[in-house]
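Once you scroll down, you'll see the structures, which are given as structure tokens.
Shared chain: chain A. Partners: chain B in the first complex, chain C in the second.
Here is the complex of A and B:
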């Protein structure tokens, strides 16, 4: 098991180097740079040129990249042109809010998705199944900014129960997390349903029922546990996406997450910050994926046995 | 099991109920709030704009919202009175222009920085010399030759050449006076945060909010409101809801489509002021047939400013037929042409394009510019010109527009008029101007601009700029469209937000009352 974890961590290094190079390359492809984007017409052409020279923008892509990666290995991810602060500090400031939103979002998604998916599966082709399919489709197709705004209108403007923006106070997480959660629940519910449908047709389920095991135990102990692997995979993927930032939700609720930071950095063509954000998000998501793999082992003893070999 | 199924069905139905509940309930009934009888000023004001505060590094930002915060935390040597457009005292109590290149200032005594250090002439010298070391600010002080101190409270500034905009330029908040002592005692990062203004930095949660607290020792008197919070909410609908719920005292830039509802809402106040920027269309004279004056004039005849104001800004803008911003002290009314499709077609035929032609129009990513271009496309279609429109991302737009390649016309905003008339005009149509996206080069125009900056007499200078404005209309390389309004929405208990000085909002004297 430990060997497996170490292998996964080591694998992260080439992934991060590849991601950083691709991002560096793509950002460089578009005309214009952060000095044009941030300072616009405020500076004369000569002043901008001097700045470019000083900041090494005139060097070739490979030289700039090599310098950047060299500094990253020394723990320096560069200064943001837009905010005049270290990229690492800016990113780390936003991570707690992002983690909070991502985990609450996935928690809500799972509470909605697993029971609904199970019920749909065991009542396949009934009214309840159709109803949850419709709700699933609704959740999947409903734009999150629209659902978010509707909730703000109801819970903040009309009822006055919850704050409409920000990450302060006890109730502030509820609406952003619901918005993220409802969107994710739809996919998870469909995954749960199909995975359950596969499992409940298995012989051992029939055997359990024949032995007179209670239906609840059959479903939640025998069937659901075996159906969990695809659900965990889907949930992990969704969580990974949420960790990269849920830009729309962050904008609607003025939630200070990494998604908005990355977009602001992109708009300002702040290469240092963009690359920094993406490298760190990749690292965060990769670590998370590793945890998901480890969870598999606990859920499914067959996988654990394979790791131990 | 069956019971459980129904329970879960009910839970999931909640989502639907939320949607239906909102859709079928009227917002009007809840929006109205009773007006209070006994009003007391609130301790804290919370407001929001679409832009985020970006940096405390004073010399180093073009962000208007950031400069607006500096206006509250720091002082410049002199300031501009928005109502009269006159330069008024700030940290300099008085000044004289000894010659076109020499200014003597007498400084205010007894002023303290937020760290407790005294403000003296050494701080002015330190600040301006520091600004000259920074690439992002040195061009503003390009005309400065030397600063001679005459004791702690007097100094003389010598310029390399006459620049009648010098006093206007030093009202820019990025030239706010910093404390030399604070930099030495506290280091650069803390030192730069010490201003002399009515508010001090309290807490900054980057990407979320910036808190300012009143400076009890402010030389101009302690501000009425103890604390200000600038909250970053990028989404305009969310900002509007936040002011409706009462969580915000005021916001800037609500969704334009909501203006009618805001006006009708008795619990809200809508305030508009002319913004700092002029919407412009450039004719790229490097690209035929835009080098032909008849073609440019034909396009001028084909366009209609009012349609753009109504269609894009829903009336929330002022048509501007002058490259100069209408609120600049050197703006004059000038004649321009009205839409005349027949005349436009005639001019096109004269230029040899009776059957029209195809042109490429570019813009930056501003939604306003994109909407303007769509209307321009339709208006030019009427005279047979087919417009290929290419919206570009901002940094790409700047690079393409500067190169002068691959486009015939360009739509963008220009806000260079906040600190005197020269910069605005010079950067726009001077042959080496950084924003000369028409790539226009005319020795006569350059000479007129170079002469105008040296004229001491104000009325003569206004006449000189009027001549430039008229000449610009004659050569028609830049088509000015309109000045968009800044829009503020506040609760009824908030005192009117003062008029901004160009792009600089005035947050110094905000007052909101609680019930």
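Here is the complex of A and C:
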């Protein structure tokens, strides 16, 4: 088992290094740099040019990348021109808010998805099934940021129940988490439904029914428990995706997470911070997905057996 | 040879897929709605005048509620929201279709090359895909869009490139499943060139899963595209792209619900129609895929 974990961790390092190069390269393609963005009118063209020379902006891409990655291994991801603080520190300060949002989002998604998926599987091809399938399709087809905006109009502006932005005060998490959750719920509902449909047809379910076990117990104790593994795996993957995908939601609700930081960095052409944010977010979601794989391997004896020699 | 291939299923297979698709009520509804949207998008571009009916500023009529004259009301510059939505339809459709065409073309080509030749070529292509895919797709798209500057083309490229790895994987998997078939071996035996085999045998036979993937991806491409426009990285104002219209509506949430409600609804209906078609295509082809 440990061999499996070590293998997964070791595999992550070269991938992240390659990711950092690609990100560095693409960001470098963008016109304009942070010196232009910050000192646009304050400094003369010559002064800006000297500054670029001093800060090594004029070196070739490979030289700058080598210098960057060398510093990264020393724990230094550069200074943000926008905030005048180390990029790593800025990022780490924002991580808890994004994690909170992603976890609550998936939690809400599961609360919506599991009951709906189970009900539509039990009543396959009935009116209830069709209705929840349509609901799922609507959830999948809705741009999440639009749903968020509509909630702001209703719950903050018209009813005044919830704060429309930020991560402070009671209930501030509700709307952002719902926005993340509703889109995810649609996908998870589909997984729940198909996983339940598969399990319901198994022999042990027929045996349980034949023994005279109550239908409710059959469904929730025997069937759902077995159907849960693919659902949890899907939820884990969704969580990884949510971490990188909360950018838009964070921007709608001015949520102080890493997505908002990335967008702010982009708008200010703060390339050091942009590169840092992208690499760290990729690392964060990859590590999370790796954890889920490892947990999954622990739970599923078939995977465990393959690596426990 | 040609006759043989035809009998094998080209027309028979597609005929059956069409029959299955037609049986699916949701898919047919989706197809009708989508056709209507395409029709409206094309008509709007020809019938509405961009300068006077779409972008002309008319402050006295700003932020009006729904009325007979302006069914969806007007925006902060007094422009008719309904007209702008109708005219904006072609941006979203273009983004969705072109982005997916880009990713299908590049992704499938890479996947087919990797799957057919194997070895070092495969390792290089697939490892590159492994490196691109863990980068969260919205972030990568933002990155690419800003690298190419704010325009419709750069938005299409950004949304397209992000999904290349997904297509490469699907194409490679399906090529690997046909690679060992006897008819490929037979073609090799009679001395057909690699290009010939790929074009005549491998591509037609690995097309179904790629097509299913492509239909599904049009829907998500439209959503990602409008998200980028919403963040200010897409089609520049005053062009009435739906995501961009939502971004403008944000400053007027208090005064005008219309500016937010209708563009979003337009995105949702379009994406819903495509999702219905996608589900239909998948269900119609799936039994054959399992063969």
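FYI, the second predicted complex is superposed on the first by the 276 of 309 C-alpha atoms of A that agree within 3 Å, B and C clash if a C-alpha of one lies under 4 Å from a C-alpha of the other, contacts with A are read in each partner's own complex, and residues count from 1 in each chain.
By our rule, contacts are C-beta pairs under 8 Å (C-beta built on N, C-alpha and C of every residue); 3 or more make two chains touch, one makes a residue touch a chain.
On a predicted model such as this, the values are computed, not experimentally measured, just so you know.
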Chain A as common anchor, with chain B and chain C clashing or fitting: clash
First, second, both or neither for A:128, with chain B first and chain C second: first
First, second, both or neither for A:251, with chain B first and chain C second: both
Partner chain in contact with A:139 - chain B first, chain C second, else both or neither: first
First, second, both or neither for A:43, with chain B first and chain C second: first
Touching partner for A:184 - first (chain B), second (chain C), both, neither: neither
Contact breadth on chain A, by residue count: chain C or chain B: B
Chain B versus chain C as contact partner of A:93, first or second or both or neither: first
First (chain B), second (chain C), both or neither touched by A:238: neither
Which superposed partner A:31 touches (first chain B, second chain C, both, neither): both
Contacts of A:271 with chain B and chain C, given as first, second, both or neither: neither
Set intersection of chain A contacts, chain C complex versus chain B complex: 30-31, 138, 145, 147, 149-150, 152-153, 157, 251-252, 267
Chain B residues touching chain A - in the complex, by the definition given at the top: 1, 4-5, 8-9, 11-13, 15-16, 18-19, 21-23, 25, 27, 30-31, 48, 52, 54-55, 57, 60-62, 135-136, 138-139, 205-209, 231-235, 237-238, 241-242, 244-245, 247, 393-400, 402, 414, 416, 427, 434-435
Chain A partner contacts - residues on chain C that touch it in the complex: 130-132, 134-140, 142-144, 146-149, 219, 223, 226-227, 230-232, 243, 246, 249-250, 253-254, 257, 260-261, 263-264, 267-269, 271-272, 275-276, 279
Touch list for chain A against partner chain B, complex: 30-34, 36-48, 50-51, 54, 82-85, 90, 93-94, 112, 115-116, 119, 122-123, 128, 131-132, 135, 138-139, 145, 147, 149-154, 156-158, 160, 163-167, 182, 215-216, 219, 251-254, 256, 260-261, 264, 267, 269
Residues on chain A engaged by chain C in the complex (per definition of touch): 15, 18-19, 22-23, 26-27, 29-31, 137-138, 140-143, 145-147, 149-150, 152-153, 157, 241, 243-245, 247-248, 251-252, 262-263, 266-267, 274, 277-278, 281-282, 285-286, 289
